[in-house]
Structures are given as C-alpha cells and as structure tokens.
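One chain, subunit A, appears in both complexes that follow, with subunit B as partner in the first and subunit C in the second.
Right after this comes the complex of A and B.
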C-alpha cells in the first residue's frame, strides 16, 4: 500500500511573528514546524503502514526551508520524501494541482492530510486534491484504519460521531484526535540524515500553472484587544460574579 | 510563555542538522513532560520513573558511545542533550550524566567484551539504571586516599567500605565502584542484589531534590571474579569518567542559565513599577546585558570544547576551565535573575530558586570550583597545590 501524507511547514504556533506588508515577515519567524493537523495525518499514516505494510510517502510543496520538515518526518518513519519546489506566489488551486500530480506520480493508494494549515487556515487542500484525483474525500477525520479493501474512518456528526467507510483511492483530512503523536528518537534521526529528498519541479510533474484567479484586494489586521475591566472594593463582588457567570462563562 | 533559547551569536547554527534535530527532540520533551511536572517531583523528592523510560526511548543515554546499543552521537550532540535536559532541571541532567558518562562509559572503555554485551544495551535503553561510587564520607576532592577495599578471595572478591553522595544509588541496578585491591584503585561492577551491598537514600537535600542521592554500603560484599573492570588501574579510571561527565556539565549549566535568563527577561518586560516595565530601567538592563554576555561566552567555550573533544585534541584542563566557568556564571545568573524577579523569584511558579539551589551542588560535584582552579594553576605553573605533603 502506498500511503501519501501531505505536509506543510508553518510558523510554530508558539513562535512570535511580525506582520509586514501583505503577510508574515518570514525572516522574523524564529521556528518553523509541521502544521499541527498534519502531524495527526502523519501519525495515522505511520500506524496504517505498521498495521498493513506499505510505503509512506511524505510530500510537501513550498519554499526550500520546507525540506527540513521532510527530514523530521523521516525521523519518525516516513520512507520516501518528496519536495515540490514552489515557483513564486501560488494560490491554493495551484498547490493542489502540484500535490495531485505528485500523488499520481508516486501511485499513492490513499492520501492523508491535515484539515487545514495553521498559517492560512484555508482548509481546501484535502477536498481540492480529491477533486482533481476524482477520489473520495472524508474531512475532520480523527482516526482511520484499513481492512479488506475498506478504509474505516471516525469523524464527528450531529449525533456525536460517525463511522464512515470508503473504497478505492481516498483522501482523508485530519482533525486533532485523541491519537498520541510519537516522538522521534536518536536512531530515527540518524536514519533520516541518510534519506535522500526527491526534489521535483512543476515542469517535472508536467503541470503548467496558469495565472491565479485569486487576487487579494485588501486585508485588515485583527482589532486591538479591548482593555480589561477593573473593579475595586467589596461592593462590586456581585457584579463581578455576575459578569464571570454570564459574560465570561467561566463559573 | 514559550521558552526562547538565548543564542545571541547563533552558535547553534554551527551544529550539524542531526545535532539540531536531537536538540529539538529533547527540548520538546522537556517542555511537554519535564517542566509541567518538575516542581511536584522536587516537592516529593523523587525522580519520576517515566523520565527514565522516555530518555531510553529517545535513545540519548550514553550519547557519545558507539556500539553495544549505544547512540554513537558526537560530543557536540551529547553537550546539546545535557544543555536541554538541564534547562529542565539539573537533577534530570545529573541522572543522564551519571548513567552515560559515569556508569556506561567505564564499562564501555575498560570492561571486558562480556561485560559490555551484558550491561550496555540494557543501560542504553534505560532498562537498567547505573551509578558510580567514588566519593567517600571522608574523601571527596582527594579520592586517591579512599578507604574502600577489595580482597581477592580466590573464587570471588570481597568489598568493604562506604561511598557517599552517589547519584541514582538507591534506584540503580548496576554500580560501578572504585576500591583498592592490594593498594591499587580498580573498578568493580556491583549489582543491586549482591550480598552485603545496600544503598540507603540520603534525605533532607535543599538542592537536586528531584534526583536520588544515596550512600553505598559494602559489608563483606561478595561479587564474582568476572566483575572487575580489566582495562584500567589507578585514578585514571575514575578520572576518565569524570572528564566526560564534566564536559556534559559545562553544557548543562548553560541550560540552567538560559532558563533563568529567559524567565528574568519575560518578568522584567511585564513587571510594572513606577509606571513603566522594570526592563526599561538601566540597572535592570545592565543585569540582563551581563547575563547575555556571560551566556554567549559560555556557549562559545562549550561549543569549541565539543569540537576539541570530537577531534581528540583536548586535555583535561580544557574541561576543567569550561566546567568551572560555566557553572560559576550559571549560578551567578540564577542569583541575579532572582534579584530581577523580586519577591516572586522565591516562588516555585518561577524556576529561579530551583536552578539556583541545584547549581550550588553542581558547583561542588564533579570537581569543586576550587579544585578546577588548582588543576589550571598546576597547568600554568607546573606546581601542584592540592597538598603540602607531595
């Protein structure tokens, strides 16, 4: 079984960022990490490989710095590392075209990714790639297993949670589940160092990206956080209790 | 607030990618498993067993040793591991130092092939904890005059004596014990259940509270003949172990110093007095600038020492300088950080007092600050000043 996991490198959620011009000043980012939902996709992919055998192909599309994340994926068990160079500014559709082409090239049977990336939060990669591949897509997946040609996934529903089974090429977009993520170890890190990253370009994949149909017209920073309220003296106790109960909903 | 490791001169950019990955692995583990639990561990006076398991799973024990299931990393990687562990707590780093440099190393360097095969894989995986018995109640800086002795009884050795200040003693399966056999210092492997051996825990420490410290007591302790370390005689044995452990400490102390700096910086930026953050006042900036200066110098010292260690161009005096300097500045940084935190600095909400109290031990163990000065003094002058009797 060929298991493709789509990964994106984003500023670490604990790293300080500086907004400059149209977005985050990349030079100001002190730490880049694998997008957290992608980590759950990777962990589920590794478990699927352990239970069913096969090859785990970690794929990313992005600037050169993203290669480091592929090595991190290899340290926990990814077998094949595929880096697609991004050429200039691309929109989500462009990225999906390249990822889908790489998934075809590596003949993946199943595709796992995060439900959205922690930087843009667009949430379009899983469904978009599935659309191009004409594959089945299940979103907000918390766990997946494979038996006798069926992929069994768990996802939330209006009744609580539901179990969904799919057949054939399927794309699963992961939410944070209760699955515990594995840590790398020294042996994995030393193996990862020897792994070759297969670098491919859009033209290697035979994809000709047209002009983007998406244009950023304007952007607005989030509003400044309102100042806190201050109460002094015991006469305010009932007001504070009522605010904590009815406005902050913490008691 | 997330920890931001101070690295003013980008010294970590000199590490290999593999070394940085090991750093991130240990740093993330310390953030997730150690920092949230360390104060409870100190209050209870225990070394959490989960930490032993995790260190084994990560594969960092005995970091620079090769073969026999050991990691085979560089000394730079070993240093980085010590630094990241000690950013959590000196007691945690002490556990790893003793396991790797003091218990595994002598077996790896001076043990027989059978001893290596028997002990090292289980010690690298963390299944067996090791300890190191050199210091005695009356012989600390002067181990050469130790009293503990071993006698050859034909088909076994008989050990009598006592060791003190032994990290991991009570929880260890394996003790590497130095004792005099016919007046010559030799290494012996003593196992937990050997007859005549006990390892009572020392209680009442105000420092390294999350680390187990013990006495080792030998009363006609009988061990098989194949437990002597065949490869070394004299003080060179224990001193080679100490060189490696001290190297790790020179990195580790920087972890404590960086934790104290990080906390002091955050506190100074958010603490308002006289209408402004205290970080905006010159006296506080002077303290922070001094901390950054000493940490940066210490990082360069530790990094260059690691390069010399990996290249094999080091001498013990290089290690003495780095251990002495980096622990000294770390302790002083912890004290100044306490100052910046004001009264809050004494609370366990901040790591300051814990690091400060730990570093008082670190300054004394593995060669006291003063003894390292004498080692360097002897190097400069050629005259030993340890004793007037020589």
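Right after this comes the complex of A and C.
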C-alpha cells in the first residue's frame, strides 16, 4: 500500500510574524516547523503502514528550506521523500495540481494531509487534490485505519460524531486528535540524514502552471484594537455587565 | 454582476451565515442567485432582500455529507463568482467547486469591496492579506464578519434534479452527550483555562452559559491535562471562533489561544494576574480570581435577564 502524506513547512506557531514593506518578512521567521495538523496526518500514516505494510511517501511543495522538514519526517519513519519546488506557484490551485500530479506519479492509494495549513489557514488543498484525483475526501478526521479494502475513520457530525468508511483512492484531511505523536530517536535521526530527497519539477510532472487571476496586493499587520478597559477587583463586575449590555450590545 | 450563493441550513431554516453571504453581495451592489442544496429552506431564501433567483438542487446525493457528491450536483447550476460560508462543509465544497471549474479559491475572507478586493486573516490572525480577484473564483466568508441581509423579497424558485454518487458510507452515528451548543455555532462563548483549578469547577462556567445561552470552551491546557473533550478547545490546534462575545476565565492568553479567538467581536477577560497577556486583546478586563468574579457575574446577569 502506498500512503502519501502532504506536509507543509510553516513558521512555527510560536514565531513572530513581522511585516516588512508590502508583505510578511520570511527571513525574520525564527523557526520553521511542520504545520501542526500535518503531524497528525503523518502519525496516522505511520500507523497505517505499521498495520498494513507499505511505503510512506512524504510530499512537499515549497522553497528549498522545506527539505529539512522532509528529513524530519524520515526520522520518524517516512520512506520516500519528494520535494517539488514552488517556483512559479501563484495560488492554491497550482499547489493542488502539483501535489496531485506527484501523488499520481508515486501511485498512492491513500492521501493524508492537514485540515488547514498554519500559514494559509485555508483548508483547500485536501478537497482540491481529491477533486483533481477524482477521489473521495473526508475532512476533520483524527485517525484512519484500513481493513479489508475499507478506510475507516471518525468525523464530526451535527449530532456529535460518526464513523464513516470509504473505498478506493481516498483523501483524508486531519484535525488534531487524541493520538500521541511519536518523537524521533537517535537512530532515526541518523538514518534520515542519509536519506535521499527526490526533487521533481513541474515539467517532470507534466504540469504547466498558468497565470492566476488573484493578485496579492499586500500583507499587513492585523488591525489594532482600541485599548480595552480594565477594572481591578470583582466589585466592578456589575459595571462591566452593564457595559456589555449598553456599550457593546452583546448581552 | 451576480454572485452565486450556496445556502447553508441549520435544521429546516437557513443558517444565519446565509443571510451574511447575501448581505456581502448586496454591500457591493450585486444580486444573489441562491442555490439551496436539496431545496431546504428555499422559500426562506426567496424572501430575502437582494435575492434574484433561488435554485433548488434536489437529489438523493444530499442525504449525507459527501463534499464530492455535493459539489458535483451543485456545480451544474453554479456561475461566475461563488460565495459560500467558511464553515467546514462550506470550505470543502468550495475547494471542490474551484478545482472542478479550474478557478481560484479564496477561503475565509473578512471583508469585501468593489473591484473585487477581499481581505483574509493569515498565520492565524497574525497578519491580514489583501487580494484582488479579476475573474471567476470561489470565495468563502468568515461567519459573523458581514452584515446580514434583511427579509423583504420575492424571488422565483426553480427546482432541478441532480444525481451524484455518494462515496462515503456512515457505519455508526455517535450522539454527543450534552445538549450544549458547539463553540463554532455559538454567539457567546465562555471559556475556562488552567486558572479554573480543576475540571469540576467548569460547572460554574456552565451556570453562566445557561443564563446567556452560551457555549462553553476551553484552553488546550485543560483539554490536554484534564481530559476535556477536544471539540471544546479554542485556538491554533482547536476551533477558530468569532462570537459576538468571548469570555475568557483563568486563561493566560498564549499566542496559540489568541489565534482561535482574537477576532471575536468583544472579549471579556477575567484573570487574577493583571499582566496576563489575555488583557492585551480584551475589550473588558476584570482583574480578580474567578472564585470572586464568577458569582458576581452570575448575580449581575440573573438580575439583568429577569
């Protein structure tokens, strides 16, 4: 079984985001990490491999620095590392086309990814890739298992949650679950350093990235909020309650 | 120019976000063509101001949620620029429709102006991106970020039948124990953190929630260490919420928590530490222990509501 896991390197959630000129200054990011939900996708992929056998293919599309994250994935058990340069990539549609082409090239049976990346916060890639691959997609899952040709997972529902199954090529977009993430051991880290990263280009994949009709005008800091009103002591609770009613009109 | 709007329902009625989608279209002088999956709430949709036409797409493919099947069925009647709620299902249908039509997808916008220029938070709200869209696109709108359209219209309703293969099967449905609102649905949320001392003390927050009709949320510390259900977690690795009022009790305000709630319309923080970072984003702050502040809050609210 070929298990593809889509991983994106993003600024660590603790890193400050600094705007310089028209946009976010990537050079000022103090630490780059694997996007948090992708870690759960990777963990579930590793478990699926342990239970069913197979190959775990970690795929990323990004700038050169993203290769480090692939090595991190190898340290916990990824077998094949695939790097696609993001040159010429202008929007999510492009990312999806490249990832889908790589998934086809490596003949993946199942695709695991995050519900949304910590930078874009979008949630487009999993369903978008599924559409291109004509695959089934289930989002907000927390663990996926495979038995007798069925992928089984839990997803939230209006009433609570539901256990669902799919067959054939399926894409699963992960939420954080209660699953414990594994940490790499020394041997894993040593082996990972030697692992070859397969670099492929859009033309290797036969993808011709067109233009985009979305233009990025600017990235700016979030709007400043007016300074809040702070009160010392619980005797002010009733004042605040009347402000919530009369000033803010929210209760 | 018209927008195609995909309606979302809450039981038999339209979800409030559907009014906001129509309101957003009207705010830039556009009319809405509203698509109602499985014809749900079609007459309600037809009675909203700014709606030119309602198209009900009816079929067995809507029996359960499968983004693949839904988008295949809905795609046949979509046109031009498409607006959907940035709810989990909305994002999924939106991404599918965009990939099908080979047009861009812009998720979770918080403002729209003529041009079309949109703004969306990125890096969990640590920055905002401004984009100009020159052609067709699918755009999802953050709940509660736009003015709702009013009732006052009488649009015609067309019905089309569609079929699409459902590829997801439900093996088992598990109902949640409590009747309480989900944090992503609620207009008011009261969340507790490690400062609550122990899980049992959340009953005090539930009392307040009952008075306000609010949902109860939690910080990750509480979810991880005290075994609170993950669906209650607000923040970077939990839910992103934008209620009208967010009350944070005994929560320090770590950056990952702020990521999930800083765009709430109003924030009230209760914390015994005057320097807690949560006060940096709070509109109203009360420096006190919850043991003192929550009973006072309860009696002030009960008085107000009676």
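Here, the second predicted complex is superposed on the first by the 218 of 251 C-alpha atoms of A that agree within 3 Å, B and C clash if a C-alpha of one lies under 4 Å from a C-alpha of the other, contacts with A are read in each partner's own complex, and residues count from 1 in each chain.
The criterion applied here is as follows: a contact is a pair of C-beta atoms (placed from the backbone, for glycine too) under 8 Å apart; a residue touches a chain by one contact, two chains touch by 3 or more.
As the structure is a computational prediction, the values presented were derived from the model and not from experiment.
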Task = Figure out whether A:79 sits in contact with subunit B (first) or subunit C (second), or with both, or with neither.
result = neither
Ask   = Is A:233 touching the first partner subunit B, the second partner subunit C, both, or neither of them?
value = second
Inquiry  = After the superposition on A, what does A:198 contact: first (subunit B), second (subunit C), both or neither?
reply    = neither
Request  = Look at the residues of subunit A and decide whether subunit B or subunit C touches more of them.
outcome  = C
Request  = Return first, second, both or neither, reflecting whether A:183 touches subunit B, subunit C, both chains, or no partner chain.
outcome  = first
Query = In the superposed arrangement, which partner chain does A:14 touch: subunit B (first), subunit C (second), both, or neither?
reply = both
Ask   = Touching A:109 in the superposition: subunit B (first), subunit C (second), both, neither?
value = neither
Message = Contact-wise, after the overlay, does A:30 reach subunit B, subunit C, both or neither (first, second, both, neither)?
response = first
Ask   = Which subunit A residues contact subunit B in one complex and subunit C in the other?
value = 14
Inquiry  = Under the definition above, what is the set of subunit A residues touching subunit C in their complex?
reply    = 11, 13-14, 16-17, 19, 24, 36-37, 91-93, 96, 115, 118-132, 135-140, 152, 154, 156-157, 159-168, 176-178, 212-223, 225-226, 228-238, 240-245, 248, 250-251
Query = Along subunit A, where are the residues that touch subunit B in the complex?
reply = 14-15, 30, 68, 71-72, 75, 183-187, 189-190, 192-193
Ask   = Quick one: in the complex, what on subunit C touches subunit A?
value = 66-68, 71, 88, 91-96, 98-100, 102-108, 117, 121-137, 167-177, 188, 212, 230-231, 233, 236-238, 240, 244-245, 255-256, 259, 262, 265-268, 274, 279, 281-289, 292-293, 296-297, 300-301, 304
Query = In the complex of these two chains, what residues of subunit B are touching subunit A?
reply = 2, 4, 17-18, 21-22, 25, 28-29, 54, 57-60, 63, 71-73
